[in-house]
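Each of the two complexes below includes subunit A, the first together with subunit B, the second together with subunit C.
So, the complex of A and B:
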């Protein structure tokens, strides 16, 4: 389980890195909006990549509680475990 | 993370990944009403003669549609058909749910709040309310990362403003609704459609509706202001629908609609949910979220099901142009699309041109564009251009527009111009006039406030006599808050009144200031808000608030001074630039920036409270 989670986190950081402002280190505590500058259009692209990468569907209601990279990784892990 | 993820405690939500297996696995219990396996969408061609919205009330329209074979179809993010709701089934389910609602001890005219996800349940509840003589209204979905608290606050504002008696949300949103409803005395019952289904359906007679009764409320909230509920009667909505389907879209047998527009937006509710019903036409829905993430799915639906009518805001077209890959075009055939309606925000000709150019190889016909103008206060639509003619536009001299408020058609090349899209003529039973600040009607090509009179105008804002008085002028002329001009009977919208900054008697469009900012690489579109403030000495200053991600002091300073320089160069006035963190600027339920609220926020942050009484307002 822990291995799965780390794997998710690693892949997620890779995807976020493609959208985030360059030169900023991405850590689990990074704030997606304020630190990594993921705006609404980038978010749509990021969600699409996440869905393709992890073969899941991310419901819009749960994004309202996502602020950090870790929140997002937790969410993916939760959806994957439930499917 | 807080408790909004409740995957363990409920059947997997309709949007969670249950779709990898066979179609039958894709159904969770709550989606299945009568039929559990959906193989085919409802047909395009009906078994009954088409009637074009010649009904007194929405339920009488449904009674007729229910004698045919057409209806609503719901597709998932991957383009699979998830469920269908033929009008025949809708009628049956809505009538049963109506009795369940009445079993809660509600009185005629009580308000029922429904969080409006794109589901069959929303439509069933909406019509259940009408059968029961109750007043339904749609509440929005959350849209942003981390927006939990803001969203709950927004819902609460609407619940309070509407004095709702019952509130419903599906399993995905019930937690938010529960939080918003906490402690509200008037609410008798809060739950999901599944919970409602478990209640008894007492044997009550359902009365037919009267054209004069309120059909529904339409909330048009900004995110920080008190939301306003537009009251629409059965007569108003049927009048508007008749104009839309006959004169606006020219609906006929063989039409089929595709839509991703949210049901909580007037264009989604009236345009894409009621229009098909009152013409007994089938419609294919994609959830707004699924469109936003994969806009291609909407175009695929149109292509695959040979849809003829689909509407969008300009922003939706932009998403398609930006995000659909060229390699996807070969699988699309959009030649069936005869009405590509555009409305709900200012239409820029370039947005339409870019879209047409991108999708021409897929058979999109630029003549399918159908610009229109409207607002929730007039049910939905006010003017429509002509179907099959594409969009027309007028290039007017930019200087004359600002200095003299006159739209002078561009005579020579090389002058700075602004291009406006022709939004067409008023629907039958409606009149549009343009007036100056004193209320005097203006001739063609003179820019002023757009006023509308006609049969689909709202009765008022629910429980807001003051706001109603501001919007509905003597003689029942609706002040739209928009600016525009008429030319040869056609309406051209030039901006919103709050969008105009008057400095030294010159009209400067706030939009122009914002666009200038958005041309800077550090500033994204929809993240700049411009308005004006006046100090004690009556000196007017333009304020530009920018959502900014720059962290270094030098970068921020560079952006600020560049913007001040550019605004001065373009408009000859000084400008105050404030950089704020992302998601500070308030947005309306349809995602537009609210300048009124942005201005209020700025004034509060900078402690200029004596500014709050100044004239500016938007809606």
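So, the complex of A and C:
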């Protein structure tokens, strides 16, 4: 379980890195919008990459509650566990 | 941050980007000369950014019908379609739309924006899924949000990507609504409708097609992409607007599903707003006839569209994937887009400027819309101006 979660986090950070402002360290506590400069449109495109990476469906309406990298990892973990 | 501080922050960012002395996002039109020309800032300006595809805003038949309606029925209905706002004109127009598409029934809405809101939120709910193209218009996104359904996006016009996302849904595809547009408002390209219909049938989903930009533009009688592709039976619901090729304001949905009528009783954007004014309905009815019989207008529109697309392509501008009445030049920075927009404006040409995040993929767009009413001279003038600016801006 913990292994799964870390694996998700690691893969997620890789994808986030392609959207975030360069040169900023990505940690679980990073705020997607305010620290990593991932605006609403980037976030939607990031979600498509996440869906493909983990072979899951992530409805964009659940993103309202996502603020940090960890929130997003939790969400992926929850969806993956349920499927 | 207070509510007003948030607005101040946004306003400061906007002002930093936009040039002073001209209101790009709210250009005041002082006097309208024709369907293609107006006075702006005391100067004569050529419209190349309206959606007046067939140039019908001054068609004598439409003007006359509107005048007559306003004199006999007044300036407004002052009521919802559900209450006192369904005049015989509204019902006649619904019948005419259904006949035009050879479909069972139709509903008229107050705007195209509300047609999408009403149809999407009326069809899908909390436990359903809506699968939309990533480049969908804001009215589609907002309709999805209003519905409370789960929203999944697929990559623009990418059928493998769409199918992959359907596959992941498993059994839920049977309560899934797929939404695409006939011609996309951003890049002006068309949806691969035959493939979409095939895929949606194999997964047992429903399909809604927004023909906002393709009504009057595609198909022998101007029904839109659905007619061009010969697929009227493959599409469950078609929405569209009066605000483009029909030259007025309002929206519609047509369908062969009997259940369409129930939307009138459950859909808030249909119920909680006043119905279109009598003059609007009257001019739209006249315009729909002109549109249906407008083969020559369509030919002229496409001649103009192909001409401008190939001219800009030859000049080296990066364009949307295929020619059409919506021609988007894609710029990699908002500053460059701003310069091109301002350059065109200084030469007396009005086009649309679309900056991130409104434009796809973080790009900025300078978008032209071509009309059947544009003359050869106007087309040449615009082409030559783009050539001139190409040298100046991209030297």
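What we mean here is this: the second predicted complex is superposed on the first by the 83 of 83 C-alpha atoms of A that agree within 3 Å, B and C clash if a C-alpha of one lies under 4 Å from a C-alpha of the other, contacts with A are read in each partner's own complex, and residues count from 1 in each chain.
Everything that follows uses one rule, which is that a contact is a pair of C-beta atoms (placed from the backbone, for glycine too) under 8 Å apart; a residue touches a chain by one contact, two chains touch by 3 or more.
Since this is a predicted model, take the numbers as computed values, not measurements.
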Message: Quick check for you: in the superposed arrangement, does A:43 touch first (subunit B), second (subunit C), both or neither?
response: first
Statement: Between subunit B and subunit C, the one with more contact residues on subunit A is chain B
- prompt: Now for A:59: first (subunit B), second (subunit C), both, or neither, which partner does it touch?
  reply: both
Query: So, A:51: does it touch subunit B (first), subunit C (second), both, or neither?
result: both
Task: Using the superposition on chain A described above, determine whether A:67 touches subunit B (first), subunit C (second), both, or neither.
output: first
Task: Could you say whether A:27 touches subunit B, subunit C, both of them, or neither, answering first, second, both or neither?
output: neither
- prompt: Do subunit B and subunit C land on any of the same subunit A residues, and which?
  reply: 39-41, 44-45, 47-48, 51, 55-62
Task: Under the touch definition given earlier, write down the residues of subunit B that touch subunit A in their complex.
output: 1-2, 4-5, 7-8, 12-13, 15-20, 77, 141-148, 151, 172-173, 176, 289, 292-294, 319, 322-323, 524, 527, 549, 581-583
Statement: The subunit C residues in contact with subunit A across the complex are 129, 134, 144-145, 148, 150-155, 161, 164-165, 168-169, 356-357, 361-362
- prompt: Once bound in the complex, which stretches of subunit A touch subunit C?
  reply: 39-42, 44-45, 47-48, 51-52, 55-62
Message: Help me check something: in the complex, which residues belonging to subunit A touch subunit B?
response: 21, 32-34, 37-41, 43-45, 47-48, 51, 55-67, 71, 74-75, 78-79, 82-83
